[in-house]
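Let me give you the structure first, and then I'll get to my questions.
Chains here go by letter, A, B, C and D, matching the order in which they are written, and residues are numbered from 1 within each.
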Amino acid sequence: MKGYFTNSPDAPAPLTCTVERKVRFEEVDPMNIVWHGRYPGYFEDGRVTLGDMYGIGYLDLFRYGVAAPIKKMQIDYIKPLHFGETFSIETLLHWTEAARMNFEFIIRNSTGEKTTTGCTVQLFIKDDELMMFQPDFFAELCEKWKAGALPSADPQ
Amino acid sequence: MKGYFTNSPDAPAPLTCTVERKVRFEEVDPMNIVWHGRYPGYFEDGRVTLGDMYGIGYLDLFRYGVAAPIKKMQIDYIKPLHFGETFSIETLLHWTEAARMNFEFIIRNSTGEKTTTGCTVQLFIKDDELMMFQPDFFAELCEKWKAGALPSADPQ
Amino acid sequence: MKGYFTNSPDAPAPLTCTVERKVRFEEVDPMNIVWHGRYPGYFEDGRVTLGDMYGIGYLDLFRYGVAAPIKKMQIDYIKPLHFGETFSIETLLHWTEAARMNFEFIIRNSTGEKTTTGCTVQLFIKDDELMMFQPDFFAELCEKWKAGALPSADPQ
Amino acid sequence: MKGYFTNSPDAPAPLTCTVERKVRFEEVDPMNIVWHGRYPGYFEDGRVTLGDMYGIGYLDLFRYGVAAPIKKMQIDYIKPLHFGETFSIETLLHWTEAARMNFEFIIRNSTGEKTTTGCTVQLFIKDDELMMFQPDFFAELCEKWKAGALPSADPQ
């Protein structure tokens, strides 16, 4: 499977983080596997963590008066997860100069196998208008990102 | 089991409505029954319908600048519900002169058996203050209710 | 936007159904719109209804000892939905001779605008093995479908 | 408020554990607080953790062929929780010689204030019959519990 996003060769490496989670009882369906509709929430767990690390989380956006609605989501299901299983959500924010956030997600079970991958694309909205250019706070992040001036350490 | 609320003998009959629902796949747990934590949502389906019938729904409250947070909830589980099963939610708003809404819920399966009962108690908040008296719109409803001037027909 | 699936010119028309729903309070997020992660459940509401109409629902599959896990899902968000809003879910099962079910979904608000579209792809599994050919019950449906011998009426 | 359960004076102290959680975006409602219907899931996070600590979790029950359905739940809402807030779930399994599990829950925000309390009561079912006496694995736990032979350390 090729990547969800095409990065130009001179793009800086994605910003990444990995969070650990455990499957909760209410997330499991009668087939004894995580219901396919829970994965948007898992992706969001990753996106929220990365957003908080880099000052582009929901509360940051709210403070800047900017909304970043999800425009598109894709999920590829490879293997199921079961009740009580520990898994990790690797989140990658891919470089782009457009006014959007391109997130990729890789979920792995406790033996390291990829069980689910996916992506979300978010646009920026201010005063009910779609923004054609990156909002300032995001443009500033991108500048540091390109300059290699961002911390890359994982949380936890 | 006695009732969740004690009504004085001269209280007018509860306001009621009944909505029909079908168990959705995502509501069922690995035991093949509706997960116990879905019932607050079923109760809310009933409360929202009754609220809309009598002008005391979420959007009405919002318009009046009043919030009505849930203070207490109790659920008694009698029989399970299964995927695809049709059930009804009978909702009763019990009379009270206090600044609160006392709701009772009776869920029945398609053969009419009670499967779950419960109640919620809501208080009223305005400008971040707990209201000691009923907000006007609710007091007006109560006046008509006591006078027997409210429609009692079920929706649908 | 072109379609999610490419149909050969001589493929029979998709099987379709449309269900009506109302946004529930618990489906709405702090932005006052339906949380993007609720749409897999809306799609499932449509898929379950169509499955029941044509004998290929969850309980039918269970009876045949076949599982049909979701392999892939895509969602495109066009406009938001709000609390209490009525919307419709049009579900289309596209023709294919492969051992899979290709579903497309079109959600429209009460004024008929498309608010969300998407698709799911399901494969068939029997005895823990991916099926290379359609299971009998599905092949039989396809035969009637191709022969134009299926009812096309919408439910409700 | 008095306790949810009345313990006899010579009962051993409750078994307890405390888990830390963070409010997820999908748990928050349009009032910007955790939707009241998410708390059964928070309680379950606590119950699952304690169950795993003492060998009476869902998977243990499954292994013993015993189900422990929730018979009753009560929730008291004191203060709201908000998006991103860290909170703790203290779970207490109260002593009883009856064939049931009496759990109490105390949720506290990051400043240590109680925000929500509640309880669940579970019964035991084997071969579709309500058990009148404690299943063996639970009776054995109770014996050690009464003898003071159980670890009391918190996980994490």
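In this section, a residue touches a chain if its C-beta (ideal position, glycine included) is under 8 Å from a C-beta of that chain, and two chains touch if they have at least 3 such contacts.
For clarity, every value in this text was computed on a predicted model and none was experimentally measured.
Asker: Comparing B-D against C-D, which pair counts more contacting C-beta pairs?
Answerer: When the contacts at C-D and B-D are counted, B-D has more.
Asker: So which chain is the furthest away from chain B, centre to centre on CA atoms?
Answerer: Between chain B and the rest, the longest centre separation is with A.
Asker: Taking each chain's centre as the mean of its CA atoms, how far is chain B from chain D in angstrom?
Answerer: 26
Asker: Measure off the straight-line distance from the CA centroid of chain B to the CA centroid of chain C, and report it in whole Å.
Answerer: Taking the mean C-alpha position of each chain, the two centres sit 33 Å apart.
Asker: Cα centroid separation between chain C and chain D, in whole Å?
Answerer: 38
Asker: I need the residues of chain A touching at least two other chains; which ones are they?
Answerer: 25-26, 37, 41, 44, 83, in rising order.
Asker: Would you pull the chain A residues touching chain C in the complex into a rising list?
Answerer: 31, 33, 36-37, 40-41, 44, 67, 69-77, 80
Asker: Per the contact definition, I'd like the list of chain D residues that touch chain C in the complex.
Answerer: Result: residues 25-26, 28-30, 32, 35, 37, 83 of chain D touch chain C.
Asker: Touching chain D in the complex: which residues of chain A?
Answerer: These residues of chain A touch chain D: 24-26, 41, 44-45, 48, 52, 57-59, 83-84.
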